[in-house]
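Next come two complexes, and both contain chain A; in the first it sits with chain B, in the second with chain C.
Up next is the complex of A and B:
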């Protein structure tokens, strides 16, 4: 029943789209004031999508296996929480969520943009409806979440256990708010370009949406990364997996866009940059969807995929790209006025920042799509790994960090950096500190020292700014400080991580120079939908401190999959991370013990970065009041 | 003028990109590094299950076509589990059954009860043909294209292998 309502709501939602388009066109030509019918129908559309989404959630809660999506991804013994989160843990359901965010954002946009011109609002809505209609058709045609199966199976196939995790339950909705939220930036930019309305006022208005998407995207990536860290059991948090890359690319574009729109807001410059970046952010999100859902790339996120779906998104994606190209090239009027950029100014530093970001974006894009090109040309299958990214990104990170430290110090248009004695002082301090840290380690001295120096430099400069500038430019300062902390933690984490991999039996002890690992016992437990094997390990470090670690193996009943749950002991300075795996047909367990310094600071710094976005949003609100 | 040139360059660039992605989609996109066998199928002769006629393997497998050869038996319990998957695959690919060490009567009863997914069934009463294929036991399933073994499934098929087969034969 719920499925049926869900399905028909989708069809009604699509009808609402067509009505909206019709009223939009009528309203655009005939009247000077905004037609409230349009708003009503937009609300109606949102309402239908919400009903449809609820219908799917209810089918999941009731374990209604006559619904194919529920059958494929749920099971009666699964806890209620994961029954609900299973709704978007699959291809069909997540596309429905995607549609929900699309319609939600356009409705909020219409409510929030009442002070904008009618034509601009109508046109934004029209462009957004093009996207929405595309997704409606995609959903109904190729990925209907409400397919009926008969005879009704008595039990479902279950949700992949590695997805049964709290962080991953909220990861997709948060990420989608950012990912799909960028659609509104795309639509309104196209509208503003077509109407020649890319201006200071527009920048003020669109900044809210850019910040909102950016905050959610940042948090979404963070959640995914945390999940990968403790669930996948490799002890890493970023693997340069295609799916991670496709979330990073829109993030890079969006971050750059955020900087450009600030310039547009203050100086009415960089309008072309802003338009191109707005378009790229959303097309990169779409491109990500294409790469992941079509199965053209292999990754941890491969849903059961189907080339037919891929073809649909591909054609849709390129239609949007061509539409944007036409609007950009034939409607956008370049300002003819002379810029008069002074070379040492904040604008220059932002343009420099843009080029750096574009470089990083290109590296990630090439790394992600290169296997596709290679396969088409030579039928060779490869995957691009971390060394590629490290080689190409790290050297450029150094000047980037320095630019980030000094850039905000340059005043708008003209500046002189006299009396900036402390800039040099901090450089020397950072250099000495880094050299001191690196010198005793067996790694490339020069590169690592310079790298750590640049991170420390940004760290010190931004820290000083908290005291010297106070609340002025607070959000920018928090963000840059967070970024320096992020890079610093990643670097130190990489440099100081250590790892022990060994096979142990119950009762055995592994003795190393610095640590002693004792496998004390194992315990078996039966929990709702899985059986757990919990190991008890005593780890003693060189100072004689002991700690008990309890890594766990879970044997899920449906589907029958074994997952390994890491046990992680976190404190402010270091994480102790242990996983345990079965060695087939033996009493031995494969033990992996890692010491990962500053892990928690990686998470904290990303939280800080998104918090900076939030303060910027709030500040803007106060300013308006 | 400059706008138009730039515009054309971009259009051409994206068309090329489109072409590559489109081509990429058509490649079988399942990553099968070590399991991909690409071995030639064995040549053998066998009796047809229904008519007891002798048939040569060259006659059974044509080039340029996907086949699934499924080794089964009425006495094999996991074969019952995978039966529904075979029935679901029947539309997509020609399935050849190899009836392994079985009594004709029991096998026929099995097929009557569960319906037959097979286009053609070969008999292997003493299990020698299964040995030629390199099978360890029942059930086992081989995906064949161009007279080469693409993939081998040991044990009953499941939802994942079903999806994988569907993907590979697209």
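Up next is the complex of A and C:
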């Protein structure tokens, strides 16, 4: 029943789209004021999509296996929380979520843009409707979440156990708010370009939407990263996996846009560049969806490989790019006025930031797509791993970090550096501190020292600014401070991490120079939809401190999959991380014990960065009132 | 002949072009060095000469071939036509099992022995890495 309602809501939603387009065109030509009928229909459309989404959720909660999506991804013994999160843990459901976010954002946009001109609002709505209609058709044609199966199976196939996890339950909605939220930037940019409205006012207005998307995208990536850390048991937070890269690319584009729109807002410059960035952000999001959904990349996100779906998204993607290029070339008027700024100025520093970001984006883009192209062209199968990214990105972080420290100190148009004294003082302190840390380690001294120095430098400069500048530029300062903390934690984490990998039987002890690992016992438990095997390990470090760690194996009933749950003991300075893996038909367990310093600061710093975005939003609001 | 402004602009543009071509060169060069090729056991057998680079091999884990010691795991990867012995020490993914697909990354000792540095985890029991699927279909 719920499925049926859900399906018809989708059809009604599509009809609402067509009505909206009709009224938009009528309203655009005829009347001077914004027709409220349009707003009503947009709300109606949102309402239908919500009903449809609720219909799917209810089908999941009731374990209604006459629905194909529910049958494929749910099971009666699954806890209620994961029944609900299973709604978007599959291809069909996650696309419905796409659609929900698309319609939600355009409705919020219409509510929030009442002070904007009628033509601009209507055009934005029209462009957004093109995307929405595309996704409606895509959903109904190739991935209908409400397909009916008969005879009705008595039990479902279950959700992939590694997705049964709290962080991953909320990761898709949060990520989508950022990922799909960029659609509204795309639509309004096209509208503004067509109306020749890319200006200071527009920059002020669009900044809100850029920030909103950016905050959610940052948080979404963070959640995915935390999940990968403890659930996949690899003991890292970023693997340069293509799926991670496709979320990083829109983030890089969006961050660049966030900086570039500042120049547009303050100086009415770089309008073409802003338009290009807005278009690329959403295009990269769509590209990500294509790569992930078409099954070209192998990952957790590849739910089902269906070439038809990939083809549809690809064609749709190209039509959107084509449309935006036409609008850009035919409607966008380059501002002819001359504007010069001195080489040492805020403008330059932001442009430099943009250049660096574009470089990082290019590296990630090439690393992600090159294997695909090569396979298509030569049918040779390759993979591009972390060394590629490390080599190309890490050295460039050094000037990037220095620019981040100095840039915000510069003034618009022309600037000179005052207070040179403390800038140099901090440089010396950072250098000495880093040299002291790196000195006795067996790693590349020069590169690591300079890297850590640049991170410390940004750290000190931004810390000082909290005191000297107070509330002025607070959000920017928090964000840059957060970034310095992030890079510092990552560097120190990399330098000081250590690990032991071994195979042990119950009762055995591994004796190393510094650590002793004793496999004391295992215990079996039956919980809801899985059986747990919990190991008890005693770890003794060189100072004689002992700690008990309890990594766990979960053997799920449906689908029959074994997952490892890492046991992580976290404190402010270091994480102790242990995973246990089963080896088929053997007495041995495969044990991995890792010491990862400053892990928690990686998460905290990313939270700080998104918090900075939030303060910027709030400040804007106060300013308006 | 030309004004100072024109000269400056020319300098600026050539600087940008230089940086651009330099970064493209850098990216392509390190791509060449850091790419990991995938090969099936049959392709390994047919190699004209062994290279020292890191590669990936993939296929099925042969039945009754896994043996484990404290420090290492040994198993045989097969594409039902040719086989390779793999020696590995490191983290073993949960879905690593006999009769299932596997991808191992590491170095070839010779045409029959492979030292793996990493075994890639699969996320789903029904899921077969595309490389392995293709390797098995080619047989």
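In this section, the second predicted complex is superposed on the first by the 623 of 625 C-alpha atoms of A that agree within 3 Å, B and C clash if a C-alpha of one lies under 4 Å from a C-alpha of the other, contacts with A are read in each partner's own complex, and residues count from 1 in each chain.
Everything below uses one rule, namely that a residue touches a chain if its C-beta (ideal position, glycine included) is under 8 Å from a C-beta of that chain, and two chains touch if they have at least 3 such contacts.
On a predicted model such as this, the values are computed, not experimentally measured, just so you know.
Shared-chain residue A:93: touches no atom of chain B or chain C.
In the overlay built on the shared chain, the residue A:145 is in contact with neither chain B nor chain C.
In the superposed model, A:381 lies in contact with both chain B and chain C. Of the two partner chains, chain B is the only one that A:310 touches; chain C does not reach it.
By the touch criterion defined above, A:322 reaches chain B but does not reach chain C. Once the two complexes are laid over each other on the shared chain, residue contacts for A:482 go to neither chain B nor chain C. Contacts of A:408 after superposition: neither chain B nor chain C is touched.
Once the two complexes are overlaid on the shared chain, A:178 sits clear of chain B and of chain C alike. Counting residues of chain A touched by each partner, chain B versus chain C, the larger count belongs to C. For the contact definition in use here, the residues of chain A common to its chain B contact set and its chain C contact set are 295, 298, 381, 559. Per the touch definition, chain A reaches chain C in the complex via residues 160, 162, 232-234, 295, 298-300, 302, 359, 362-363, 366-367, 370-371, 380-385, 387-388, 391-392, 501-504, 508, 510, 553, 559-564, 579, 581-586, 588, 590, 592. Considering their complex, residues 23, 26-27, 30-31, 34-38, 56, 66, 68-73, 89-98, 121, 123-127, 129-131, 134 of chain C touch chain A.
Within the complex formed with chain B, the residues of chain A that make contact are 72, 157, 290, 294-298, 304-307, 310-311, 314, 318, 321-322, 325-326, 329-330, 372-373, 375-376, 379, 381, 559.
Across the complex, chain B meets chain A through its residues 3-4, 6-7, 10-11, 14, 17-18, 20-27, 29-31, 33, 159, 163, 167, 170.
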